[in-house]
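Chain IDs A, B, C and D follow the sequence of writing; residue 1 opens each chain.
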Amino acid sequence: MRTSRLEAFSDGVLAIIITIMVLELEVPHGETFADLREATGIGLLTYVLSFVYIGIYWNNHHHMFQLVDRISAGVLWANLHLLFWLSLYPFTTAWMDESDLARVPTTVYGINLIAAAIAYYVLQLRIFAAEGPDGPLRRAVGRDLKGKLSPVIYLCGIVAAASGSEEREWTSWLAVGFFAVVAILWLIPDQRIERTIREAEATG
Amino acid sequence: MRTSRLEAFSDGVLAIIITIMVLELEVPHGETFADLREATGIGLLTYVLSFVYIGIYWNNHHHMFQLVDRISAGVLWANLHLLFWLSLYPFTTAWMDESDLARVPTTVYGINLIAAAIAYYVLQLRIFAAEGPDGPLRRAVGRDLKGKLSPVIYLCGIVAAASGSEEREWTSWLAVGFFAVVAILWLIPDQRIERTIREAEATG
Amino acid sequence: MRTSRLEAFSDGVLAIIITIMVLELEVPHGETFADLREATGIGLLTYVLSFVYIGIYWNNHHHMFQLVDRISAGVLWANLHLLFWLSLYPFTTAWMDESDLARVPTTVYGINLIAAAIAYYVLQLRIFAAEGPDGPLRRAVGRDLKGKLSPVIYLCGIVAAASGSEEREWTSWLAVGFFAVVAILWLIPDQRIERTIREAEATG
Amino acid sequence: MRTSRLEAFSDGVLAIIITIMVLELEVPHGETFADLREATGIGLLTYVLSFVYIGIYWNNHHHMFQLVDRISAGVLWANLHLLFWLSLYPFTTAWMDESDLARVPTTVYGINLIAAAIAYYVLQLRIFAAEGPDGPLRRAVGRDLKGKLSPVIYLCGIVAAASGSEEREWTSWLAVGFFAVVAILWLIPDQRIERTIREAEATG
């Protein structure tokens, strides 16, 4: 089974997700910069965050499938499972945005992020299973420090968001900070961060 | 005539259908889990169901066209006919969801499901006709137990939904149950279910 | 210059146009078949009509570019010009639908149809110019009876729609009838209609 | 790393951007040409402008990547950065349109245009870096007169828009005029304008 059509379909879904999020951005009713800030303040921030996330998933998906030759039915469904969680990003992003980073919506956004991360991990496992014990992807992924670190940071963000209350509104910002850290972690080119971590391990 | 562009166009349409359904999910107005449940309760359930259906159609479409070499004008139009019924999924899903699984909307959803199934069957027949009496798809499809069983279960769901009344609201849930059974039937990998049926036939 | 990316981009735009029209379909507020008929009555009819039109354009576009090897900058822009008029279909369809086939919206819809037909014709001319005096597309298109007949029928529809008044509401239906005739003309497989016309010419 | 999937993903995003802008066009509430003019007057104008811009970016993107063989992680992210600014076009176009070309929205639209132009330039630099000092794209781009002229004209437009006041509403139209000039500059086939400029330099 060729991977080209799976890649084309995934590209289509990711392209639509990344673009329809802008439809959730509320067009300001007034004509001033203050109206723009009021209408989109948090919206633009969360849009950028979710845009970067989808970009990272597309990027990693792209790299992963360059090493994949044959796919099983399990890989097809694991891929759709990943796309399902990613397709909820516009929805959870819009809720978090419209509620001005309220406690529950921010927690739900974090759960969406971690669910997509788990779905990506499951997809990787299905590909490992399809390619056999010594496949090229398995060797390329290696210890996968980022992949193991990300859910931990997501979890920190979810706990931070969930621990908020009316007096402590900064917890949502802390949560968004954790979520942003994961995005930055993936934006830094691989070799550099791996080398950084290796050096830290050597000196630490 | 090459199949690549037909596949690319179908992928595009299916990718858009599967993604725009999330636009129909109503963003909760409040900030609590109760608001989320109220706003999306049935919406999320029906979204998952329709997502899985489109995933199954993409999956089957993908498999089918791997065995197709040449397409006729009839195949092109039969394919568009299938895409037409699938493009109505976001609409019928939204109606069923917004009416809280009322009698008529659930019945109409079932009619949409069976219409797509028939369109898929017609597409298969057009491909059979284009490839001649001993084509590879005809041999691969074989007896096509799932394909013959699905409309029967859909029909059960439609009858269940249509038989509802104000006193008997559970009929809609029964209908959704029937529709979910078809989805599960297609999610189980082919070989296993075929073997199961074969064994059941041998022992029965 | 390769045609593959022009085809992929056009496929993407056409796939989106054909799918977002369903977003214009108003989800009924009630739960009965009467609510469905009230909410979508004309909407579903015009949706089918526009769906078939986009399908025909995709089909013809697909056939045309199978005969095209090299494209010029002029072809690229003529193609975008065609996509522009087609991208207005969801808008003009929605207006015609929401106004219940009022005089001006139906006329505007017809103008949109004829503008797209002219844009398609211009695209064909640009390809002729790019491929030289004896190109394969020029020979394949031949006398292009359908292509010459369509604008005439569109014009009849536009005149019918524009001649409507409050007393004569049937003129809009007549116009839609003319528009439907063009669609049916293109749905009939080529050879048959050409043969029919040839026989009519022989006996006439 | 192959460029095909980057091109497919970019095509998808550009196709969606160019098509969803039509969703922002407000369907007229009345049934007359006056209603159409009132509802879409500026909307249709700005829609055409943004449509042409996305078309130009697609066109240039298409040409650029025909000369690119291998891409780095930096190119992938520079491409996503470009798509990010382009994905804001429907939003800034809608705001400018709904405010009837008010001072701030028109300025913001200009900022969006210049940001996309800078992102395109950064993408070009990343490709230069990836292909080495004597790459084919670097030689093809040459002095890139248009690319250097465009930001200057955009800046004129932004200054014009920003200098508006309640008494001077024509400044927004001047700004849109500047923005249109850039579009026309790119619509004119390359050789001709380059020759024109060369002749102007020779005689000047």
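One rule holds for everything that comes next: a contact is a pair of C-beta atoms (placed from the backbone, for glycine too) under 8 Å apart; a residue touches a chain by one contact, two chains touch by 3 or more.
It should be emphasised that the depicted structure is a prediction, and the values quoted were computed from it without experimental measurement.
In this assembly, the chain whose C-alpha centre lies farthest from chain A is C. Homomeric contact chain C/chain D: same residue numbering on both sides for under half of the interface positions. For the pair chain B and chain D, the distance between C-alpha centroids works out to 40 Å. Inter-chain centre distance (chain A to chain B, centres taken as mean C-alpha positions): 29 Å.
Each of the following residues of chain D touches two or more other chains: 8, 12, 15-16, 20, 23.
Residues 7-8, 11-12, 14-16, 18-20, 22-23, 25, 27-28, 31-33, 35-36, 48, 51, 55, 58-59, 62, 66, 187, 189-190 of chain C are the ones touching chain B in the complex.
Interface residues of chain D facing chain A in the complex, by the touch rule stated above, are 1-2, 5-6, 8-9, 12-13, 15-17, 20, 23, 73-74, 76-77, 80, 83-84, 87-88, 90-91, 94-95, 98-99, 102-105, 108.
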